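Two complexes are shown next, each including subunit A; its partner changes from subunit B in the first to subunit C in the second.
== the complex of A and B ==
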């Protein structure tokens, strides 16, 4: 796992990918920070929370080539024919991408230092946002790794992960729309008002249950709990396991 | 040692490998031949663990590739048809990565890599990016990665593809040297290469083993009888009569004849296995008929290959 991690992490800086991600993240975080700084009220929790909204752009860029490039270049044979387990390869690549995200986060640390230097407060809300940042990054990177294992085309891998992450970001809107739709359908079927509302709420609740942003939003207000973190971690592992299964399946069916 | 038993690989309805069985003994160099699409690469990929078989077993030094994959893979160095190279790494970085992947101990790693690099003659490009190397050098780096970890078994799929004639000769020499300590399977379309380095050949066709033997025995089996070509001077009728009188010679055929030189094909009965060459020499000498050329006309590997694969 360490060998794969080392190779993948360093490869970010042997190609433009790492620098593009770093430049993009620095620009976005810098822009947000300067805007907040200019308004005279710096809230780091807001900055970090806004940055998580841009994961749908940055994460597909850094994960798109993780497996698809190996398949395209024929280097995947190294992982299948070496005495390493396929799951450790998946973990190595995942941790390399997550480490790049940690490097990107240096920007925010610099902003924290500047805030503290100017007498600002790095409060519990900011630390809560940091926790959410890394757990959401892990989940979305696992989705990106999974998308990369599905195809040998980097662009298609990027599109797949972008669409999934976008859909997750839109889950609160989707649940609202589903609630309205369910209510409309139930009303047209002649159900009484209380029942109609309950059906709509239940549909929305089911969709919201899958929304990691909704689950972790209390962290931004300094209210911590373990359940949302376990939720993110569980889905991260699910996507990593699915990646492993996709790669294993290739071995059995490849032509 | 590699033991392959009833290996089958299906891709949906297509049967790529249909019950292949053979054994590769320790220290043996085995040539793996077959037309395109015969199932060579699939079989090699199954042996190395890159693909899983539909049924059948592959045992590498006693370890089943499906049940004990890590133990089996430790024994194998694999060069696939397309060398698995990371173009953004230097040769040394790449070989160090392969060392990490194969868990080669850090102690003595430098010497181990230096030995491999010198063996495959890539010393002068060790610090260059792989992406900037010529095809020949990339192929050598591919061979170098297969040698990392000093595996007992080497599986080389088209090892001399893309190399110039000098490099081909060097790689053949390298394979010959390696064969002293390693078991090697080579797949190649260059039959002269297989003939030059292999102890035995397996010819597969349409997913099945069509022949497995030494090249000499294959050619004998294929020919049924062996042939000699004699180029000489003298009265052709007398020469032919003299040759036909030698026990073991079943027939002669004058291929080419002018006033001075005759080319005579001598068909030797294969069943007796008699070596008639000495007697031919004595008869020619006794008759005072000078021999200008005298050589075996056994089928080449190309002829054996064509005969078996087109059957």
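== the complex of A and C ==
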């Protein structure tokens, strides 16, 4: 696993991908930081929270080539023939992408230092946001890794992960639409106003339950909770397992 | 020939057998794959449901430095002291706010979650929008007496309802408020909700009336203080038909600018003499009352050997001057009032009138100074041209006096008169909060009047301040930071990427 991790991590810096991600991330985080700095109030929890909204752009760039590039070159056969287990390959690539995210985060650490230098506050809300940042990054990277394993085309892999992460970002909006739809249907069936709205709210609640952004929101207010982290971690493992199964399928379908 | 045919048949059979065994293996692996994915998903969902619904709340921690999102021990102790069958519903008459950062719900929503968590089932918190669920208003308030509206919180227990308006859960910067901007300076969310719970479960023990129409100020902070002490508060407008209601335990003339009328004097005199009433008066020296001499009010107060002076106080002792330019000073506590502020902290005030005793000293009156200037204070009056003229030599003056009748026990009327307004002024408390020495002092005064011992004082909590040091930051600094973070660093990475790309391309 370490060998795969090392190879993948270094490959980010041997190709323009890592630098593009770094340039994009430093520009976006820099833009948010200077906007806050210019206003005279720097709440780093706000900056970090806003950065998680840009995951849908950065993560597809980082993860799109992880498996699809090997598939395209035909080097994926090494997964099955080398002495490294398939799960180690998946984990190695996943950890390499996550480590690149940690490198990107150095930008925010510099912002923290500057904020403290100018008499600002780096409070517990900011540290809570850092935890959320890495757990959400892990989840979305796992989605990107999974998308990359589905196809041999990097662009398609990027589009798949972009669409999934975008859908997750829009879950609260989707739940609102589902609520209105459920309410409309229940109204047409002749239920009374209270019941209709209860049905709509329950539908929205079920959809919102799957929203990791909603679940982790309280960290921004200094409330640390284990349940949202378990949610992110468990679904990260689910997507890594799905990636493993997709690759494993190739082995027995070749048989 | 036949041998060849047999051989071919055998080979075909062998091939078919091998193929079917591969198919069977592929199928079983496919089934295994799908089943394992389904099992993993079910396990993950179950784990998350357990963490989310069952043990998740126990694994939630408030790490804020001021524990903004946690109820204090005082609240927990009070809730614990309630009978086990108590059930308080806190209903937010709105959808549960989602992104509440920067809104008035920021400190309310997480704190209410903690009320529910700490209450051991005695408190439930719900969010129900009355526009979507019209039945909730009738359910909480069948008689329609509590005026329940959207976007407020209704606390309900045994048919009684208390309401909390989110906007009133904070202190605001009064200067900004003058420009119509609500800039919160302190958080009183817990104090507001806990006192609403106390009043809901214990009921109001006293009734206070604030006389309106004699000033230009709001009394909402004073009402908050009185509510928290178990007082139900109502207003009585100043008029010629003024009467003091029979259920009045405390009559409050808060920050008055105008004198009372003669009929009001008679009604108040009757209230104090015949029903052994309690009166608190505060009248400072402001632009609105600089020419007011409070003749009728002084007629009433003279019966308690007190008078509000026409003059203005001037503090000369530097240790009693808070800010000479702003005209704000410190007052020390009277001898009988030690411990009425935390660590006997001095009370703050601005432009004050001295409170004097009348020349004719009445033996049947017991009187204590409540607040005092330094011994270097002077007073001045205005001449006919409006020029201030120093009137008194350096001396110690009373800023607040208490009077009652001697040796009549519980049946004695009690009168407090203050020549300052900062004890109960909305603007002052709005800026300094309910934990400031002035608010603590007036609470203790009212407690001592009524022997209240078990009210709950939950201090205001400071709000997070993310301001950077404006002395260190100028336009040049901001421009430099913009240039470094938005141009230099991203461009450096882009250039490095291009160089790497070109080098790799040439390999």
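The rule is short, and it goes like this: the second predicted complex is superposed on the first by the 253 of 255 C-alpha atoms of A that agree within 3 Å, B and C clash if a C-alpha of one lies under 4 Å from a C-alpha of the other, contacts with A are read in each partner's own complex, and residues count from 1 in each chain.
Here is the rule we use: contacts are C-beta pairs under 8 Å (C-beta built on N, C-alpha and C of every residue); 3 or more make two chains touch, one makes a residue touch a chain.
Please read these numbers as outputs of a predicted model, since none were measured by experiment.
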| item | value |
| --- | --- |
| Touching partner for A:83 - first (subunit B), second (subunit C), both, neither | first |
| Touching partner for A:11 - first (subunit B), second (subunit C), both, neither | first |
| Between subunit B and subunit C, more extensive residue contact with subunit A | C |
| Subunit B versus subunit C as contact partner of A:65, first or second or both or neither | neither |
| Touching partner for A:144 - first (subunit B), second (subunit C), both, neither | neither |
| Which superposed partner A:2 touches (first subunit B, second subunit C, both, neither) | first |
| First (subunit B), second (subunit C), both or neither touched by A:226 | second |
| First (subunit B), second (subunit C), both or neither touched by A:242 | second |
| Where subunit A meets both subunit C and subunit B, residue numbers | 14-15, 252-253, 255 |
| Residues on subunit C engaged by subunit A in the complex (per definition of touch) | 22, 25-26, 29-30, 33, 36-37, 40-41, 44, 47-48, 51-52, 56, 59-65, 68-69, 98-99, 101, 106, 110, 129, 132-135, 464-470, 472-473, 477-478, 481-482, 484-486, 489-491, 493-494, 496-498, 500-501, 504 |
| Of all residues in subunit A, those that touch subunit B in their complex | 2-4, 6-7, 11, 14-15, 73-85, 251-255 |
| Subunit A to subunit C touching residues, read off their complex | 13-16, 18-20, 22-24, 26-27, 29-31, 33-34, 37-38, 40-43, 46, 107, 111, 114-115, 117-121, 123-125, 128, 172, 193-194, 197-198, 201, 209, 214, 217-218, 220-227, 230-231, 234-235, 237-238, 241-242, 245, 248-249, 252-253, 255 |
| Complex contact set, residues of subunit B against subunit A | 11, 45, 48-52, 69-71, 73-74, 76, 78, 80, 82-89, 97-98, 100-103, 145 |
